[in-house]
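Got some structures for you, see below.
Below, chain A partners chain B and then partners chain C, in two separate complexes.
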Partner chain A sequence: MWTSNRFPALWLLPALLPVILMTVYPIGHALWTSLHEVMILFPGEPFVGLKNYQRVVASNYFGDALRNSLVFTLIAAPSVVILGTLIALFLRRRFFGCEVVRSVVLLPWVLPGAISAVLWVWVFHPSFGILNGILRDLGLIDTSVPWLTNPQTALLAVAAAHVWTQIPFAVILLMAALSAINAETLEAAAIDCRNPAKRFRYIVFPEIKAMIVLLLVYNALTAFTSYDLVYAMTGGGPGTATTLLSFQIWRESFSMYDFGAGSAVAFIVVVISAVLIAAITKTLPSDLFGSS
Partner chain B sequence: MPGRLHPILTFTFAALILLFTGGPVLLSLYGSLVPDRVLLSPDRSILTEGPNFESYRYVFTGQLPDSYLQESANRAMISDAARQVPGALVNSSVNALAAMILNLILGAPAAFVFARYLFPGKKLSFLYLILSPLVPAVALVTPIYMMLEWLGLVGTQIGIILVHTARALPFTVLILSVFFRKIPTEVFEAAELDHCSRFQAFWRIALPLALPSVGATGLFAFMLSYSEYMFAMILSGDAGTRPVSVVMAALARNTDVSWSLLNTGIFIAIVPTLVLVVLVWRFVVEGLIGSAVKG
Partner chain C sequence: MNRSKLLAALALASGFVVQSAQAEDLTLEFVVWNYSLETIQDNVKQFEQANPGIKVKVTDYAWPDYHDSLVLRIRGNTPTDVIYGGQDWLPAWGAAGFIAPLDSVAPKGTIEELSKDIAGFALTDVTYDGKVYGLPYYSDTISFIYNKKILDDAGIAVPTTWEEVTAAAEKLKAGGMDKPIIYEYNQELPNFYDAFVAQSYGRGADLFDAELNPLFADPSNGAYKQLQWIADAYSKGLVQSDNHESTIITAMNTGKHAFTIVYTYVLAALNDAATQPLAGQFALAPMPGETHATLGFAKSYVVTAKAAADPVRAEAAWKFVNFMAGKPYTVAKRWAVEKGLGFGQLPLFEDKDVIAAWSKWADVGALGKQASIAKAGTYTEYSSVWSAYFRPLLAQAMVGEAPVDQVMKDGAQRWTELKEQFANR
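What follows is the complex of A and B.
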């Protein structure tokens, strides 16, 4: 790491300026909105302080939505990273047809969210869904399971679909990180340590840890703030079984036209995701943000 | 190289991965090749009826499928949105390629100085970059729309490209700086001894050594823009500027559209993108597995 006494503006501003342009005013505007009563139906936008926040937290959906969002994130983010790591480790091998598998893994990525939702509704469909068909043929179930309309399975089902959409990105970055490991280190490890699990734990994992933490953070953020796939699959139901907190931002703003409350939910989401990210980077210390 | 696995185990893993990632897409290929009445009936299948390309013909030529022309057929089963798919693919590709190139050009230098230098203001600018994506996009839709309207960019592809670039940039910088930090310090020390300037160290050493990883990061920016829906929807104007994600969502949410036509749309939208992504990815994989960075 080299030291420089001047801020390298020429190197940083090209990246910082577009981000600043698209965040400073919009975030400021959203923050202002969350502190005012902004409703399309009523003229005037009086300052109400934290009243929007109080109203949102006291509302009847808040507890359910918060719990669903947390469960959804806690299932989805680790699943993506663990499955992604396993697939990436496997795809580094050469075997007959490895090129095909390496390409097919990218398929979920090239589908827009609305389409992934349609495909997975189809997979989980109670009468002509493929999943029920397979389970029936194997004799594991007698009657079809209504995956998306049963409150017990709906959140799991949408989480599976969400994981599916995020796998390719994780695989790509992890394969890249795996390949950046010094080949000699791996050869030495192969000689010194026969146990592959131990080799992964002590040699490979520390090398790809920064990437794993980065992926965990990215996926926690995506799972906690995105709702389009879930909304397209279940509309938040049955009941409130798949209602997510991030979906309430949209509902308050664009369905109830209560922009103050919508922005208030957004900033509650910001605070919780910041806590999640801090928790991830604290439990898995890596040089991701460090200046070592 | 990793150790050897039993062939049967290898086959099982490969089959499971294929089934999980490719299975739902295969279903849609099947759905596009049979009319709805075959798809939804338990005792008829593609084996008894043979493949049917009428939906494809409709999307490309506008000639109506025969099932639609039959008497008492449901008129609502055809949607003009399906015919917009090929044009939307072009729009999406332009947006995504522009966002990808802008991301790499703007992001790589920043990632390089973040990875290799200590300088005043580093913590602050880095924190800003990683904290800015925390705010959910839904909350920013209104102010960003107002801003772009003021700039006169609503309804143009430039507006969409601008937003997509800015949304992917923090992650591009983060990912690239992880890769740049993996390059052994000795390489740069040697370069400094040879009086390499900072730009030369970046352009001649860091970039070529991390090229496959840069490719992977570029793919990320490409796909983020390609699949983004919300901003694409509010910022695109008439059918001429609408990207794939918007057209496909319109098609998917229209419950009157026949399954066959929807699946045809899906498949037409997938294939060119998949070819493009796989080409880039193969280049990346070859670079990654063939010549790993040597210390």
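What follows is the complex of A and C.
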């Protein structure tokens, strides 16, 4: 008799094949590339072991790029989650025009990264940018601040743009989590405790903690592998001020024509990302990754 | 056979004929960056009308993504026949076997004949290893551009040396202009290095000798002096960075800046009365420095090695390249008249329509004079790799994040390493 238990591998094949083709093969090929000298300008692809890894770790950009990536992630991921939570809590309230406000909040999410970058370049522009205009009108600055070309402000400016693009997704998920909380529990909490901060801490937060951990992990990964905004807004500069590790994957591969080194950086990014996920889930235990 | 059956048979047969003719249509894959895509599409349409049986499919990428996308296409064996080539990439693509010399696809003697009409620096830019790989799509120089009204109002003469630029900028700053110079500062764009080379050429500098040894780490070299000049100008607060020419156009039109150094075609956009509030106030001056030379360059139509290897595709690809860049230079003229793009085909400098169109936004005499003393850059198989390494160093030195001396030494050392590595490959 034919049952799915008799040929498990055969039944799994339709699902496994795309995974093998679309995930396992590219990762395997990237690993192979990282262990070989694959340079467009030079013939042959000899095995070089860990030489590519040694070279990129010893390069003059690696230290700066790693530091920038970690700082960028430490700024961006918590900012997205904190702001996303505050906005989601606000948007749950009923007020005049709340539907319109909810739609507008989602706008950054539907904009392609390149468009967001152009928009923020215009916001930060020293000659005609709105930010310098407002600060000047408020009397906070006398001369325009070159936000994107000053090494002291460039990373912060790019991080602000990145946070802006990521907040809507966090808001949607947090609103979904908030709406799943039992209304009677919230009603009882409102009667028992007048302090909204305490109500959030003891009633709401435990209910949405799994979602917050999920968003922290997701945003840590998004920030750590961010590429498009940085490329379009600063090109990694000035100097190495906004050079991120993920950006170096592209630079090594396409600017330097060294696909071996580019793949090595990619695998270093993968390892650090895995450490980040482990650190977040260990620091904030939740039932998100718990065994069923 | 009755009449209806005969008609049906004829209709069927004609259907086969049409289908067969359609099946014989050859489609060329043409890859471009997306500057004025509607003009490209229209040029392609005209080619198709003039060449029945050949269709051209245009694929476009944004300029910052073009190089990477093209490398990926060719490495991934995506069908690609004719491409836009850049002078800085051409030797590497030639060495990697991506592209083919035009002699291998064009009728004998044609390339030699067309080359006679191409400006010196443009011909250098489309030549690799002694062979011509492309015909110019456009060819331009990098210009020193100033706002005439601002200088007139302040009683400042047009600067002829970099020291005079400093003096003029300091005077304007003292008069209330915060950042008189706006500088295209994007270390990932080739423009960033090109503009630096153009300024160094203005001082009469050569960055490399005939044996391709780097000269710029010597403090007496003009390139060294120019990097020091830029760093000094930044430290004095005279320069505002901007990461793209498109926003420089808007910024210059706020009247808050007097000088910039950009591709010459930007002048056409700066003086476009339809879109810019200060149109007509901008002019180009000879590149400051002892010789006033500047960098000239050419972007070109190039045939891929894969297309050249297939005789049918090679013939079609050549027809297309010849239509776009060959005699009577109709397409090059169109770009010049409609978009203000420069050209490498010398006869167009005497074309009345071109002169009339360019007079609207530039002093054609000054433009021609600049083109006549423009020099080509030094491009080798490894120069784009080196440039990608050197540009962030330049960027750091300009804003005082790294000493000029160290940056020039590091740049020279990396060049020498790549030169040796390539020689020993």
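Here is the rule we use: the second predicted complex is superposed on the first by the 270 of 292 C-alpha atoms of A that agree within 3 Å, B and C clash if a C-alpha of one lies under 4 Å from a C-alpha of the other, contacts with A are read in each partner's own complex, and residues count from 1 in each chain.
One rule holds in what follows: a residue touches a chain if its C-beta (ideal position, glycine included) is under 8 Å from a C-beta of that chain, and two chains touch if they have at least 3 such contacts.
Since we're looking at a predicted model, the values are computed, not measured.
**Q** Mind working out whether A:250 is in touch with chain B, chain C, both or neither, as first, second, both or neither?
**A** A:250 sits against chain B and chain C alike.
**Q** Quick check on the superposed pair: does A:47 touch chain B, chain C, both, or neither? Answer first, second, both or neither.
**A** A:47: touches no partner chain.
**Q** Now for A:144: first (chain B), second (chain C), both, or neither, which partner does it touch?
**A** In the superposed model, A:144 contacts chain C only, not chain B.
**Q** Have a look at where A:262 lands relative to chain B and chain C in the superposition and call it first, second, both or neither.
**A** It touches chain B, and chain C stays clear.
**Q** Please work out whether A:232 is in contact with chain B alone, chain C alone, both, or neither, and reply first, second, both or neither.
**A** A:232 sits against chain B and chain C alike.
**Q** Looking only at contacts as defined up top, I'd like to know whether chain B or chain C touches more of chain A.
**A** Between chain B and chain C, B touches the greater number of residues in chain A.
**Q** Tell me which partner A:128 touches in the superposition: chain B (first), chain C (second), both or neither.
**A** In the superposed model, A:128 contacts both chain B and chain C.
**Q** Please work out whether A:240 is in contact with chain B alone, chain C alone, both, or neither, and reply first, second, both or neither.
**A** It touches chain C, and chain B stays clear.
**Q** Output check: A:5 vs chain B and chain C. Expected answer is one of first, second, both, neither. What do you get?
**A** In the superposed model, A:5 contacts chain B only, not chain C.
**Q** Where on chain A do the contacts from chain B and from chain C line up?
**A** Looking at chain A, the two contact sets intersect at 114, 122, 128, 232, 250, 253.
**Q** For the complex, which residues does chain C have touching chain A?
**A** 62, 64, 67-68, 71, 75, 92, 95-96, 178-179, 182, 185-189, 240-244, 247, 250-251, 254, 256-257, 381-382, 384-385, 388-389, 392-393, 395-396, 398-399, 401-402, 421-422, 425
**Q** Applying the document's contact rule, which stretches of chain A touch chain C when the two form their complex?
**A** Going by the criterion above, the answer is residues 40-43, 61, 114, 121-122, 125-128, 143-144, 146, 148-151, 231-241, 243, 250-251, 253-257.
**Q** Which part of chain B faces chain A closely enough to touch in the complex?
**A** Chain B residues touching chain A: 1-3, 5, 7, 10, 13-14, 17-18, 20-25, 27-28, 31, 39-40, 42, 105-107, 109-113, 116-123, 125-126, 128-140, 142-144, 146-147, 162-163, 165-167, 169-171, 173-175, 178-179, 181-182, 185, 212-213, 216, 219-220, 223, 226-227, 229-230, 244-245, 248-249, 252-253, 262, 266, 269-270, 273-274, 277-278, 281-282, 284-285, 288-289, 292-295.
**Q** Which stretch or stretches of chain A touch chain B in the complex?
**A** 1-8, 10-12, 14-16, 18-23, 25-27, 29-30, 33, 87, 89-93, 95, 97-120, 122-123, 128, 130, 164, 167-169, 172-173, 175-177, 179-184, 186, 190, 196, 210-211, 214, 218, 221, 225, 228, 232, 246, 249-250, 253, 259, 262-263, 266-267, 269-270, 273-274, 277, 287-289, 291
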